[in-house]
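One chain, chain A, appears in both complexes that follow, with chain B as partner in the first and chain C in the second.
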Partner chain A sequence: MAWLEIARTGVTSLRLHPWRSTATVACVLAALGPYLAGIGICGGLAVEARHSIDDGADLYVTGRQFGRSVPVPLEAAEEIAALPGVTDAVPRIVGKMNIGQERHSAVVVGLPADRLQPMAPFLDGRLFSDNKANELVVGSALASRLKLKVGSFIPPFYQNRRGEHVSNVVGIFSFEAPLWQANMLFVSFDTAARLFDQPNRATEVLVYCRAGTQEELARSISRKLHWSEPDGSRLDVRVTGRAELNSLWASAAAHRDGVFHLHWMLAVSVAILAVLVTSAFGSTQRRSEVGILKAIGWRTDEILLRSAVESLLLSLTGASLAVLLNWLWLRGLNGYGIARLFLPSLGVDPQVRVPFRLFPVPIVLGVLLSWIVVTSGSLYATWRTAMTPPGSVLRSSG
Partner chain B sequence: MTARLKQAVRRSTDDILLAAILGLCAAAALAVATDPAMTRAQQEAAGQFQRLMHGLGLGCHADLACCAWQFDPRLMGDEDAPLDFVAGSDIFNPWHSLSLFPPADGLTDIAQQD
Partner chain C sequence: MPILEAREATKIFSASAARQIRAVDGVSLTIEAGTCWALTGPSGSGKSTLLSLLGAIDRPTSGEIYFNGKSISHLSDIGLAGVRRRLGFVFQNFALMPQLAVWENISYPLVPKGIKRGQRLSAAHEVLGRFGLADRLFDPAGTLSGGEQQRVSLARALVARPEVVLADEPTNQLDESSASEVIGVFRNLLRDGTTLVFATHESRLMTLATHVAEMRAGRLSASHST
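Entry: the complex of A and B
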């Protein structure tokens, strides 16, 4: 019970030195805030990337020339579909195009209309139909920049040898759809072929196969499929499977962690200020306080307990504020102003839901680290003072 | 009597301060605990989007203009990964996410598609 009473005096110590406490909490907040924001966005991206791998095709087949990925002939989809073990093979076009007077960058994605999933809930309007008109489903950020609405018409923004046509916006991805729709022009395969004036090519073929046959099928496609161009040059294939994507994603996440270590080092250098505040700048106050406590009969371990509780409460306050501020800013305000720092292709107002997910482990580690930083600043100075006779402490601290 | 009153006031102030700190901690813990439930609908939307696209988007970029590899490495091939080294850190590309130092104007990424 006596220990509990002594621990309670840690709260009193917080109240007695409001500026020292505020400065320490601010330093913890400055160190932990950006760390948790980055970790949260990384976590959100990781969850959505997992869907991209798990809910996507089993194999991705592209052409290969000069060691780089290139488009494949359209008939590749039919050839692949005829292979044993393949349940479906869908040609897709993904390419870059500029649109509007300010030449905004758009990601054009073309898929056959008859291979689309039923109506998506994250869509305002409807999906395109497979007809001769250019029907577009536009990403939320692109639609906002171009001031497009469902039913808008866009004058020709592409060049085609057979002539250009006005395009009709039939749908707009809502804010809730994932990050990658932000600048998308989602169109039928034929429309994408018209936009790029590439009538008989697909940038990749998406292959679905029976469970357990992925690896064998990937080898079979690599071995059997290759084409000769009219000029006699050879076009090989490159097959990417789910297992390869998983390892690639893990490696990319490790790269991002590396970048983040650099930022964390910056954050920790800010946290060192907390150590200075609690040890050096606050040392005169602390010395006289410890001297008085010793003079009235407190033991060294009791003084250390008081100091440890004070440090724990300071780091808990800083860490809790960091979690809440991040949560409010990234979940409530959708990362307004700061999302761009972490996701560089977004604007100040992201116009797309910023991926964000708080996981307990990094938060607990952050709290632990901030407690160590704050405690190491105060505990050693307190112990040194407590070991000195109280008379000399009080004399030296005036 | 006055001293006792002062002590009682001090004690209740300490209690309020402690309660405020514990309340802050509880609010932070609640935010972390309820986060997965709040994102469940978003995760369903993410799954439906990926089924619609047959799997597209795997990185931190929302377009192909800056770094196609960080939009989706499936479009590029893994050997084309543009990476630099930073002393004291891991591998780093200034076009990738979590960079406090954006790329200088006029520079182009080696992973640009065109």
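Entry: the complex of A and C
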């Protein structure tokens, strides 16, 4: 078990170079910290997106013109509801508008209040009433930016052919609500229709159907539904299912992950250089140690084992600290300052719970790559020194 | 059979591209087991370099060094490590790791032998006790005085019970009483059959020597039994 005793001296050697050890751990932290934060936020977003898609409608029906999605006539919801297998068909309006003196961009969602009922536990105040015009529920981040509270009025919220309208904030989503609502305004379908001045249209119809009928129903809707526009042109429908939404999300997530990985590779390259520089600072002392060990009978492979254990411990320490600090930063401080690097819409101090999920694979990958970074800074130099006769090494290192 | 032997051993250092220094120049020496050799001579005469060659710390530029009848001049890294484990070497500059505790410095030769921590600590305690430093076991080596560090270096050379102890000026930085302790330890080693080779100017240490070899300008100018 000599190797075990040699490996233990790797722990001791950390004490020999406290500054080098600290600098190396700092390099690992700098390289691994942002990567884990990015991957953790990506993981959190993926989980929320999956839940959102799973909890959402079975099919999303929009119009289709010039290969793009366009609104559908409101009667589409009734026609779809009449199809066999459909349990519910709900029209929804989703549109963008700028509000406030600073013209903050917001997404307005108009839908029946009961569709927001599952979100009620995350609500301060109450849901809007379908019967009362101009009541709205605001996402937490948007409410913070616009300094809105329950009971606030937004004068004028919008302007249409019927004049200006003052709206009343009746509810604000809490900090703990899912991220997707953070920058949204929720209103009744009728209010949204008035807001965008499109009384007889919905941007999409949410279709709920019996289990196993989804694909057949999608084909049926595509085949049967089409309308004639006032100018005589034909309006076809586009049907999007859960599988397509999942694949769209996966594609966007892969792109985002790819950008993170690319940035991290750059960070790792810089970290390797930094570790090499820190190694150079203590190289004379290190050479002397290797010379002493060789002189008292250590073999090159034993010295390399000691150095590899030291590198492993440094990378494990750096990686563990990176995981811990990320967890504290993203859970305890809710990603203050760092979350905006990955989710720019959240601002410096996110007013919504930042989604964060760290899976074991990126952690293990991070530890492994950290070890490569740290090892590359020391193992080669140690090997070169260990292959030199100890007399030469001790003479050159004083 | 001699335990250590140098045959026409030469060590050349390159001071610059144009200038070479023959630190050891064609030295032949035969050291029988259980004897005590004192290498004497002025500074720069090649005593330390010859000790390094005999202790497998350096390779000769030409010539051969034999240990127990086998040439070690061309041994592999593993082979040389095996030889070094059977020798104890005391460096003139002590060659300690100053941040490590005294006992850790002393016990490092035992680590590759797989000896556990507790046994290493006991061994370090035992050998350091011979030099009157048992109470400094857990102090960082860098906090010790020069004389104390020299004794720690000696303890490290002895901890693995080597067949040959090679020491470069082992009493150089010691006061009268510490030097007496070291000489006493060496005397005991000799009594136990350990071979001793040291470079020294210390007259009291010379009294232990069974053979004296005098060096000048890298050459062996005289060699005699006492």
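The definition used in the following text is that the second predicted complex is superposed on the first by the 377 of 398 C-alpha atoms of A that agree within 3 Å, B and C clash if a C-alpha of one lies under 4 Å from a C-alpha of the other, contacts with A are read in each partner's own complex, and residues count from 1 in each chain.
We adopt the following convention: a contact is a pair of C-beta atoms (placed from the backbone, for glycine too) under 8 Å apart; a residue touches a chain by one contact, two chains touch by 3 or more.
Being a predicted model, the structure only gives us computed values, none of them experimental.
Of the two partner chains, neither chain B nor chain C is touched by A:336. Once the two complexes are overlaid on the shared chain, A:175 sits clear of chain B and of chain C alike. Set against each other, chain B and chain C touch different numbers of residues in chain A, with B touching more.
Look at A:394: by the touch rule set out above, it reaches chain C but stays clear of chain B. Of the two partner chains, chain B is the only one touched by A:240; chain C is not. In the superposition on chain A, A:300 makes contact with chain C only, while chain B stays out of contact range.
In the superposed pair of complexes, A:8 makes contact with chain B and with chain C alike. Shared interface residues of chain A (contacting chain B in one complex, chain C in the other): 8, 12, 15.
Chain contact summary for the complex, chain B toward chain A: residues 10, 13-14, 17-18, 21, 24-25, 27-28, 31-32, 35-36, 38-39, 41-43, 45-66, 68, 70-81, 83, 86, 88-93, 95-100, 102, 113-114. Partner chain A is touched in their complex by these residues of chain C: 52, 55, 57-59, 77-78, 81-82, 84-85, 89, 91, 93, 95-97, 99-100, 104, 108-109, 111-117, 156, 160. Of all residues in chain A, only 8, 11-12, 14-15, 38, 41-42, 44-45, 47-49, 51-57, 60, 62, 64, 67-69, 90, 92, 94-96, 105-107, 109, 111, 115-117, 120-122, 139, 141, 176-183, 186, 203-204, 206, 238, 240, 244-245, 248-249, 252, 254-263, 265-266, 313, 316-317, 319-321, 323-324, 327, 331, 341-346, 352-353, 357-360, 363 touch chain B in the complex they form. Chain A contributes residues 1-2, 4-6, 8-9, 12, 15-16, 288-289, 291-300, 302, 386-387, 389-392, 394, 398 to its touches with chain C in the complex.
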